[in-house]
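In what follows, a single structure is set out as structure tokens and then discussed.
Chain IDs A, B, C, D, E, F, G and H follow the sequence of writing; residue 1 opens each chain.
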Amino acid sequence: MVNENDAEASFVPMSSAPDKWLRKEHLPHIWCPGCGIGTILRQVIEQFTKLGWKNDDVVFVTGIGCTGRASGYVNAQTLHTIHGRALPTATGIKMARPDMHVVAMLGDGDGVGIGGNHFIHAAKRNIGVTAIVVNNRIYGMTGGQVSPTTPQGSKSTTTPYGNVEPSMDVCKLALGAGATFVARVHTANPVYVGQIIGRALQHDGFAVVEVLSQCPTYFGRFNGMPDPVQMLQWFKENTFMAKSPEDEKEGKIPIGVFKDDKTTPELSKSYRNLWEA
Amino acid sequence: MVNENDAEASFVPMSSAPDKWLRKEHLPHIWCPGCGIGTILRQVIEQFTKLGWKNDDVVFVTGIGCTGRASGYVNAQTLHTIHGRALPTATGIKMARPDMHVVAMLGDGDGVGIGGNHFIHAAKRNIGVTAIVVNNRIYGMTGGQVSPTTPQGSKSTTTPYGNVEPSMDVCKLALGAGATFVARVHTANPVYVGQIIGRALQHDGFAVVEVLSQCPTYFGRFNGMPDPVQMLQWFKENTFMAKSPEDEKEGKIPIGVFKDDKTTPELSKSYRNLWEA
Amino acid sequence: MAMRREVYIVGSGGQGVVLMGALLAEAYALKNWNVVQTVVYDAAQRGGLARAEVVMSDSEIYYPKVRKADVIVAFAADALPGARPKMDEHTVILADESLKDKNLEQYGTKLLFVPFERWAKEELHSSRVMNMVALGRVLKTLGDVSIDEVEQALKERFKGDLFKLNMAAVKIGLEASEF
Amino acid sequence: MAMRREVYIVGSGGQGVVLMGALLAEAYALKNWNVVQTVVYDAAQRGGLARAEVVMSDSEIYYPKVRKADVIVAFAADALPGARPKMDEHTVILADESLKDKNLEQYGTKLLFVPFERWAKEELHSSRVMNMVALGRVLKTLGDVSIDEVEQALKERFKGDLFKLNMAAVKIGLEASEF
Amino acid sequence: MNRIVMGDVACAMGAIDAGLRFYAGYPITPSSEIAETLSEMLPKHQGIYLQMEDEIGSIMAVIGASYAGFPAMTATSGPGFSLMQEAIGYAAMAEIPITIVNVMRAGPSTGLATQIGEGDLMQAIWGTHGDHPVAVFSPGNVREFYIYTQKALYWAEKLRMPTIVLADEVVGHMRQNVDFPEPIVIPERTLPNVPPEKYLPYATENGDVMPLPPLGKGYTWHVTGSAHTENGFPTIRPDKVKELLDRLNTKVQRHRNELIEYETFMLEDAETLVISFASMGRVSKGVVSELREQGYKVGLIRPFTMWPFFKDELSNIVSNVHPKKIVVPEINYGQLRLLVEWALKGFDIPVIGVNLVNGDLIPPEMIEEAILHG
Amino acid sequence: MNRIVMGDVACAMGAIDAGLRFYAGYPITPSSEIAETLSEMLPKHQGIYLQMEDEIGSIMAVIGASYAGFPAMTATSGPGFSLMQEAIGYAAMAEIPITIVNVMRAGPSTGLATQIGEGDLMQAIWGTHGDHPVAVFSPGNVREFYIYTQKALYWAEKLRMPTIVLADEVVGHMRQNVDFPEPIVIPERTLPNVPPEKYLPYATENGDVMPLPPLGKGYTWHVTGSAHTENGFPTIRPDKVKELLDRLNTKVQRHRNELIEYETFMLEDAETLVISFASMGRVSKGVVSELREQGYKVGLIRPFTMWPFFKDELSNIVSNVHPKKIVVPEINYGQLRLLVEWALKGFDIPVIGVNLVNGDLIPPEMIEEAILHG
Amino acid sequence: MNKFDVSVDTRLCKACGLCVLVCPKKVFELRDEDGKSVPVNALACIGCTQCYQICPDFAITVYKKEGALA
Amino acid sequence: MNKFDVSVDTRLCKACGLCVLVCPKKVFELRDEDGKSVPVNALACIGCTQCYQICPDFAITVYKKEGALA
């Protein structure tokens, strides 16, 4: 460990700048040991730093859930809205202030459960918001109920006999609704998470990054992976790089950038053409 | 014209049976002259007849809108619910009574505007409901406001300068959400509408048939096609038969059956496996 | 005593009921009367009934709907039963002649059949402006507004040929002698 | 006078606070006392504070929370400031010995540090059952319930080895002599 | 049988014992344990548990299932209850029996997600647009949660309307030993005693609602949330509209005496009357009981039916007891107090609110203080 | 300038004249003309019109835009208003200024989509879960619709809270000649007079709310609908929670005298007092005026502010005028009457409701009848 | 002899003209008074039912001679 | 001489073990008392920052010697 008083020491932190993006006084955060949300948030602010954005040029919007608590820790203009409603709020913000970088971080229930309609319509509109969907495949905050993305057969507090329903594919949904940037990554590869989020943040239009994330406390515990390490292992073993979410390989989950369309105009900017008229 | 008293006449109606599906006492219906909803409804009941279904084996559910009024005219067990909520209602019905044929007829606003979340989740669940989306690309009942499916640039009472937003593709959305039967047809070819609806009705799972339909009163009038005949002409000239809604041809709209997956289990039936346990 | 005029217009959607009411109101407004127009649509806005109620008064208008109509204009007979409470023995009913077989006599004695549509068609080749013919006829019955005021009101709504057509229609109604 | 016992248990999420409260309640219920357990979670259920309040009475319980605790069990010190209104000079505080440096003396004189966790670890090789050790210790302090009743309560919850482990832990607490 | 049960679990057990066969919901603290318990129990009772995409979907699925013949309910807390308001109006207008359990937490908005509030009383009565029939029950302990869930299900079916159970976080989350009474069972659907062509789903039968026909029995009736005539088809005829709405709004009144339930406690010669509901009713009872022991003349009313409000009953009691003041403790800013003041129009008795919203029960001392010195 | 304007259009014009720059909504009769007018006008005023996927999205977009510095509102009718309830609570808790216009139609549910109702009064006050600050204004004619839309926008910004305009179908759809007064302009956002690190968004400034900082000016404050401390971050500390909720619930009370507006008409020596709002207020005024001409001693109060309720003012008036009875005509089953009875606790004066819900205005004769013989 | 016949229920017809558009045999004309459809040329009908299939107002019935070949 | 160093903020560490999993140099161990991570082998650090990137609790700082080549 570094001894700050050591006269010999000329060591400097390799990545200190991201700290300007953290509300350190509110740490430690509320997330469980080994929860993936923290890793993802680290990657988000890492990209803010890389992009050289200013704290008050970023509006960071969340809904309600474990993921929803992220807004409290980011040193930006932050809104913790209501469950499922981060995206329409973000849409209002972006329409009023196209010069702001508007980022929404959503839980899977928040984003495509109760918030599903806003999700598809934000995609349809191509509003310039980056939507990072933390898909832990469970309702974390409320104690581990089934979510739209819970795999068929998985246990949760409300699927004691295993989930009967098929699960929702966030990326397919985003594509079907017309999102112009769509990607899926997972927390076992944090640097890749960061890279892709970085691209999404720079995308001028609605960008979706689905991040498969571990909820060891509920999803893991109910499904034989109580240790976050097991869950990361699972991600590594059960994913593969692909070009499309339709790609198939031994029942594994496709990972990668599935769409990056730079031609569709972003809504808050195209709307302003009416002002000139 | 047939003179019923003419002793020579031995003419019989070629398709009289569908009339058992109409609540004749409530005709004439409320729809405008030349509105496509009536044509679509004719095709639906024509198929009920063909399938030999009984009136009280069919639950016909609608939301609110011009399309929503269809339930009033069908001689079945009918529910006119609230705007956007036909599908979750239908889901509850089907879960309770898998033996019923549950059919929902939705407007475009009703189905993928306010009802978008229910639409994608009904698809995700593969609940055994046939969803017929009457896509007239406008909010008819409320007087011609823009809808999620209104083409970019089109006029409506709330897009006096032309619609700035891109439009939602109902079939792509249904596919992205996991619907197991997805098709698009248009009213200029009523018999084909009937054929495809017939297939959808027999599909054991969530089936979506998007029917492009004319609203001469609003969409037509605001966009240079006040006569229903013009609108049907437009459908003929601006569509083409395709395999996928992604197919492209000179900016025209793809028509056809895009998915017909008979392998995914239907939810109300698969849920009952839990009962045996 | 305050002067109050109440006109009730009934027809089917598309017969120009609302526009007629609006122009009537505007003509009186130009005389500095207070005016209120309300409209009742059917749940379905189309095909169904359309009813416009216009109240004009030289003092404040509280009840914004018709209580006892001075004039009822009927393009269609279906809505008349519902309007019965708004009629009394002084109410003048101006009905399109096409309603002659609808037993309108039941509604009162001051009943007049006027060929609104026929005149519009025959003289102006446009049955669409039958509502303007009726407007003229109503103004004539009420007798408060001069032709200049109507003209002014129409000018604010219509330009060019459309103005001319509508004004001509109003004149037909205004100048109609009882026949 | 009705007999009323009030126990307040504070700890962090995961320390078995709620389970301990439940078993305490169940043991008293087997004596036909009325029992009520309430729990306060933090907005985040995890990591944050967990507080269980158990009230037991031989007559009806109206106020379901602790008013003046007979016993406070503390596995963590953070929640104690908030519990201060629930203490008085009669309150016995049973704190894990790990909290010795937390200045708990401020909360009252009847303060006892007990090595709940250490005993659980040392004697049963499972720090998880420290809550059961504490349960035993609480029962001992209160003195209303016999070991048979606790055993019965535990049996309804746990089977086999799990029962044995937990019962052993309770016994450690019950039989602990002041040290 | 005396066992320790959590309030939410008692609610679920009550529903199952009453004959519930369908639950659709969306998780929310502090009601989720109801869903969790039912997700396990319902399949064992040939029933269905469905977790929907949101609360709107949930209540609509409940309406659908009930229409299809499965006794059905949902449970939620404030935020979800707000989202259900439109559909509650639909159930009222279409006369489909459903029950909504709201385990109240502190609001507004997300508020204190895990802590008690009692601020949804007015919303339960008037939360949807337009006047509508509704019955609102409120339990104050685990046993009552069992009972009033059953009564809510019973009355929903009986009067074909939405009924609401207004519990709170403490009632929902507390574990208590209870001895459940005999269950109240949801009445079964029977075939109407007229053939399909004669069936008028929105006429009255002996002044009450018509029975709901089961599906597949020839009754192809029409359901709508628009104004309609007796046959269920839309109308805008003023007389028919009035008839419908008057009937909806009086069908509850016709049964008000059966619906209205409340407990009185030590009212005799009471100089102070405490009125309190849900968890605070229970707490207040303790305060009254203690003060009586100390010789203070104080009595209590604990309403279980919040709507229809026990207006007449309350003024009768007040006329007989003539208390010098009334104290209303509640975890909100005075909603029950407003109703009490309304009920006591014409009485010149001070009504004192004891109000505190901070995530906890109001401490007995505050109530005592208001009784003795308020 | 005297022109014939439809009520809904007057609302839109009022909003534009007040400085509105953002509207998001979802069409619904009888409010759609507000949206239609604004979709045309807003782009000409460097503003934004957005049609959202539903009413929930609409109000959230309005909250977002307002947060981002654009004065913002939405308009709807009953069904949409019900859907907005959760978000209204969020705006209240997060203290983001927004205005919601509800052009009431007859409910419950879809009811009579194109016809008048006045049944959303209680909902406007208590529709969301939990007690929350709100101001509810109700115009009775086209000119008042213009004015109270502006006042609602003004007070929303001033007190950082949701405000509601409760019009009705007749007010919204009637065309009337009007002479608009000078506009009331929405106060502009100014930079807080403390630097970002000192800024406490949820503290008070002279007892009032802190100004909202514009985006991009260094203020990286946090907004939440959960209970929070002065700095905006979540808390469950009971004292802090109480402080917050007390402040929210008293900030309206502090301005009640400015907020409360009502019109009195011919009160002197009135033996019957008529109290009525929205369109029925206007109709009632006509009845009172006619009866006075006929020599009857009858007076009228027309409240424009429905909440905070003019409780003290009303009892003062009643104490001074001492009417023998009070008549409350309204197109619902007695919502305003309940508030009046509540306000008049302690007065032994009969309050008679005139209630009719059939899609139309209540005819003057019915009101006259209640005044003369009720 | 004709094998088919066709009738329009005038009460239901809303004069949209779609039957005129689709009929391959020009069977229909919209009458002057109110634009409603009249099967002026019913004898030409070949029983293709296109008019029946498209009529949005359930106004058309196509008849076939009993025993005749379609 | 080592070019890198690494520290764990014990106040923030929640003992999840992810740093242990990802570190190619076995720099970390979870200490007995409370499972929190300790960079027992900090001198072996090669500055790959994987621990920093994955730590969900913002507990790790990796230091580089000023002027040293990465």
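The rule is simple: a contact is a pair of C-beta atoms (placed from the backbone, for glycine too) under 8 Å apart; a residue touches a chain by one contact, two chains touch by 3 or more.
In this text, all values refer to a predicted model and were calculated from it rather than measured experimentally.
Peer 1: Starting at subunit F, what is the smallest number of hops through touching chains needed to reach subunit H?
Peer 2: So the least number of steps between the two chains is 2.
Peer 1: Among the listed pairs A-E, B-E or B-F, choose the one whose interface is a repeat of A-F, with over half of the contact pairs the same by residue number.
Peer 2: Selected from A-E, B-E or B-F as the counterpart of A-F: B-E.
Peer 1: Can you check how far apart subunit C and subunit D are, centre to centre, with Cα atoms defining each centre and the answer in Å?
Peer 2: 84
Peer 1: Determine the centre-to-centre distance between subunit D and subunit G, using the mean Cα coordinates as centres, and give it in whole Å.
Peer 2: The computed centroid separation for subunit D versus subunit G comes out at 86 Å.
Peer 1: So how far apart, in whole Å, are subunit A and subunit E when each is placed at the average of its C-alpha atoms?
Peer 2: That pair's centroid distance is 39 Å.
Peer 1: Between subunit D and subunit E, what's the gap in Å when you average each chain's C-alpha atoms?
Peer 2: Here subunit D and subunit E have centroids separated by 36 Å.
Peer 1: Note the residues in subunit E that touch 2 or more other chains, in rising order.
Peer 2: 43, 53-54, 56, 79, 86, 90, 94, 109-110, 112-115, 224-226, 234, 236, 238, 360
Peer 1: Could you say which residues in subunit H touch two or more other chains, in rising order?
Peer 2: Residues 14 of subunit H touch two or more partner chains.
Peer 1: Would you mind listing the residues of subunit A that make contact with two or more other chains?
Peer 2: Residues 28, 31-33, 64, 82, 114, 116-117, 120-121, 143, 148, 161, 271, 274, 277.
Peer 1: How about subunit F: which of its residues touch subunit B in the complex?
Peer 2: Where subunit F meets subunit B, its residues are 26-29, 32, 35-36, 39-40, 43, 49, 51, 53-55, 79, 109-110.
Peer 1: Would you tell me which residues of subunit B are touching subunit F in their complex?
Peer 2: By the definition above, subunit B touches subunit F via 64, 82-84, 113-114, 116, 139, 142-143, 145-146, 148, 157-161.
Peer 1: Any idea which subunit B residues touch subunit G in the complex?
Peer 2: Touching subunit G: residues 1-2, 10-16, 22, 27-29, 31-39, 42-43, 46, 187, 190-191, 194, 227-229, 232 of subunit B.
Peer 1: Taking the complex as given, what residues does subunit F use to touch subunit C?
Peer 2: These residues of subunit F touch subunit C: 2-4, 112-115, 170, 173-177, 279, 282-287, 289, 360-361, 363-364.
Peer 1: Can you tell me which positions in subunit A touch subunit F when the two form their complex?
Peer 2: Those residues of subunit A that touch subunit F are 26, 55-57, 59, 61, 64, 71-72, 75-82, 85, 88-97, 99-100, 117-118, 120-121, 271, 274-275, 277.
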